[in-house]
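Starting off with a structure, shown below.
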Amino acid sequence: MPAADTATLLIHCPDRPGLVHDVTGFISSHQGNIIDLQQHIDPAENAFFMRLEWNLEKFTLEKEEIFARLQPMARRHEMQVRLHFASQRKRVALFVTKENHCLYDLLARHEAGELPVDIPLIVANHETLKPAAERFGIPFYHFPITKDNKAAQEAAQIELLKKERIDTVVLARYMQIISPAMIEAFPNQILNIHHSFLPAFVGAKPYHQAHVRGVKIIGATSHYVTADLDEGPIIHQDVMCVSHEDSVQDLVRLGRDLEKTVLAKALWWHVRDQVLVYQNKTVVFD
Amino acid sequence: MPAADTATLLIHCPDRPGLVHDVTGFISSHQGNIIDLQQHIDPAENAFFMRLEWNLEKFTLEKEEIFARLQPMARRHEMQVRLHFASQRKRVALFVTKENHCLYDLLARHEAGELPVDIPLIVANHETLKPAAERFGIPFYHFPITKDNKAAQEAAQIELLKKERIDTVVLARYMQIISPAMIEAFPNQILNIHHSFLPAFVGAKPYHQAHVRGVKIIGATSHYVTADLDEGPIIHQDVMCVSHEDSVQDLVRLGRDLEKTVLAKALWWHVRDQVLVYQNKTVVFD
Amino acid sequence: MPAADTATLLIHCPDRPGLVHDVTGFISSHQGNIIDLQQHIDPAENAFFMRLEWNLEKFTLEKEEIFARLQPMARRHEMQVRLHFASQRKRVALFVTKENHCLYDLLARHEAGELPVDIPLIVANHETLKPAAERFGIPFYHFPITKDNKAAQEAAQIELLKKERIDTVVLARYMQIISPAMIEAFPNQILNIHHSFLPAFVGAKPYHQAHVRGVKIIGATSHYVTADLDEGPIIHQDVMCVSHEDSVQDLVRLGRDLEKTVLAKALWWHVRDQVLVYQNKTVVFD
Amino acid sequence: MPAADTATLLIHCPDRPGLVHDVTGFISSHQGNIIDLQQHIDPAENAFFMRLEWNLEKFTLEKEEIFARLQPMARRHEMQVRLHFASQRKRVALFVTKENHCLYDLLARHEAGELPVDIPLIVANHETLKPAAERFGIPFYHFPITKDNKAAQEAAQIELLKKERIDTVVLARYMQIISPAMIEAFPNQILNIHHSFLPAFVGAKPYHQAHVRGVKIIGATSHYVTADLDEGPIIHQDVMCVSHEDSVQDLVRLGRDLEKTVLAKALWWHVRDQVLVYQNKTVVFD
């Protein structure tokens, strides 16, 4: 017996009395049963945030008409509204370079049925991980990138992604800076994993930087990619303890475990529509 | 300028459509503005849980009449309802024996204004910490306990607590088993800190047990006291890594840091009415 | 340029003055340069533990004669001595059932060159993961197990392991109890991953047990397998926070991340000869 | 029965064969029994680090002559040597401003016998915590600081510290920048607690910075004070998870628990002579 389909609303707007009552009234009046509701107010910004998930089994509106029917309320409260359905699995492209740990981790989760997404393709700027893609039967696209061809290659990548109706791009240790054209094409839909506890050690070789500074904890950060390198909204971070005994190579090795779990968790929240971006920060409804 | 008073509702009932809409309708209809709403459903139990906090500034009902006015809705939905006001600070009694760390930690938080409670008294079965109580100007009551006088002393303790209108009893490393009479007098209002990661190492000398077993992590657990020793609903737990180099004495020393922060956090949630007990488990709205 | 070969000594014996001086004298007198030395004393047991790793580049003894030449000193101090060479990669057999996460995690680490071992074979009691083994080109042996054939199948497994000169058996979510014959054949060489924070939730379905108890933290434990189920020496443990919102299925999903990293870390220490077993506990030299 | 006195050597020098054998030979030849020996090599720097603690009970040298007798070996190997005795308790001055949490935490540990130090005095630039000092019977010195009097007040502080034979200065949330004169007077003996995970959020108001950036984890860092603000050698760090729901005030409140435990742990290692500074980093022998 498959789980019944659900719909998820992500809302933010100026705070005012009666918002929850209004939105839940919309659901109730069409026989929807709320499964999960989380609401958050930022008093300093007078901002209201809500995630609401409801069961569509007995819902009296067709999926196609829900968004339109929400508009009067949305206009009344100046709401920004996103609507998702659990049955519409996100289509995710994985971008990789040479390191295999994030790639295998995501593919293994996908194979085990843990990640409710489709992965139609893997994009890489090196051929190193082509055998990994082939093992899992996922088309592998090689876009070697040089200074000269970078703009053209990215344009080709965007075309490919659009053709494959990709929703979400995951930079699974993709060692290239993403250019503005792609960022604009996928706003808040490109997830990166940075191998430091941001904002410490922005930029290149963060484990080397960490070793020089002598920190006792290293971290990894998953964030949405924006035009400012390593400055996008942070979705998830995690850390582990290290010591003076750990060389740079040890930090690199240990950090891989952080990178793969942090990226996977951020992606989990993203594909379940639990993340709302606001003022370069995230509200993660968990 | 003092913060405006707020009211908090804690509700649980069988799940059915429209619950959130009904409750928020009650608030809206009396001009309350919701500050925080968290709702949780346990599908396996078909149980609905909600915490709702609203601003009383423009609320059109008097505090005294709110609970009565909620009753028709509560009966309709078979709701169990708790109502609290931020302005009614809980009155907390601290129970101690000889160890000072939890006591000083709570008193320092209280003095810094971090804990929104009154602490009218400290109860102890030894006189060791009397100077600590005196330093902070809090009345100290010494109830030496033997096998013979235990029932009588506990009766006297209950009488004292009732006379001082105590809401919450905190066993801050109180090395006595609480008898059923007191548990019944303060249901889900007695917080204990157990010095292990429950349910591992129930009972006496958990650090010794941990050392014998050779665990690599130790923990502390704060729970409500019930008739079953160390079996009450868990409010909070935390852990730290240890190694073969740590003796039992090291575990005792290191564990104190866990004990005091875990107990303080559990108390923080308790006094802010963020904890709901259900089937010997807690729902912590955080 | 390959790293020079190193030798590692693991010693335990009754504590007495001069032990470190004696052992380091042996190394110095043959022109060995110590890379790492860790020593630990358990005063309660008057027990001495040491791990010493040295560079063999200029060492004046042949590898084959080192162990024999150590014997006089070992006898003098009643030492238990283990000697390993980094160049002798351990041969590891992975035992699996149906879940893929630990298997893929170890295979990906191996492919990336992170784990300095050979993996000559995978043993399974179901065929589910045969494709995974095939993708990585590792021979897969299927031993279906029933009550009736269990003893015979285990005997066949032991024979296979001996034939393939296996040093280390990793139960990577292998859902069968290992019988005494195999445990005796591989003393302190069989690593298991148990999906709880032992000694909490010994036995079957630990996540269900954890959910019923309402713990706020779940864990995973890697230990050597002994005749007492889930009672062997603990090598590594880790935990993560959970909440009332997590169903049993959530705990299972979240726990997989613990299981794979805890098992991989325990195996890392094991294959680098950093683990010494003593009185059903481990000394982990890290 | 008091524990026997022990001596601790902290050594660093260029790495070469035979160092451990030489040093342990010195101990053995005078009938010392080694309790703890940890040794670390940084291959990239060819640097050798060692901490060695031995029992003085049967040692045949007087304490006063040990250091001189070590010199020939120290010169031979270009060793930097520190020698400490457990019986010579460090004398610690606590510097505070207005916040009480680190102060009470350290005083409670001291009263419980956990911290093997003397605390002859508390220095403050405000009078807020004078009652706290008085409660614990510790002399409180008030040095109000303005731009104009800062140099003179620090000179007076140094004089006071010298007069009281202070070894270690602990900045327990002391909200003043320490000037070079004091840093030179107490090299690697002034511990600070910075309320961020350094090097993120250097300087003022780190919790505000963290809130603006939207990090999901906050931290605290204890380090030795050097001439570069927040750039000194890191001794210890710890972190905790936060979320979008946490206001700046929540971060401040939550962070206090990190600050007090991180500072206390760093001080614990410092007073037990477990910390060695090298190239603006620490080797912590734990």
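Just so it is clear, A, B, C and D label the chains in written order, and each chain counts residues from 1 on its own.
As a working rule, a residue touches a chain if its C-beta (ideal position, glycine included) is under 8 Å from a C-beta of that chain, and two chains touch if they have at least 3 such contacts.
All of these numbers come straight from a predicted model, not from anything done at the bench.
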Note: of the two pairs A-B and A-D, more contacts are counted for A-D
Here the gap between chain A and chain B, centre to centre from mean Cα coordinates and rounded to Å, is 37
Taking each chain's centre as the mean of its CA atoms, chain A sits from chain D at a distance in Å of 42
Residues in chain D with touches to at least two other chains are numbered 40, 43, 245, 286
Contact graph of the chains (line, ring, star, complete, other): complete
The residues of chain A that touch chain B in their complex are 15-21, 24-25, 27-28, 31-41, 43, 241
Contacts from chain D onto chain B in the complex sit at residues 99-101, 104-105, 107-109, 111-112, 114, 135-136, 245, 253, 256-257, 261, 264, 286
As the complex stands, chain B meets chain C at residues 40, 42-44, 49, 197-201, 213-217, 219, 233-239, 243-245, 247, 280-284, 286
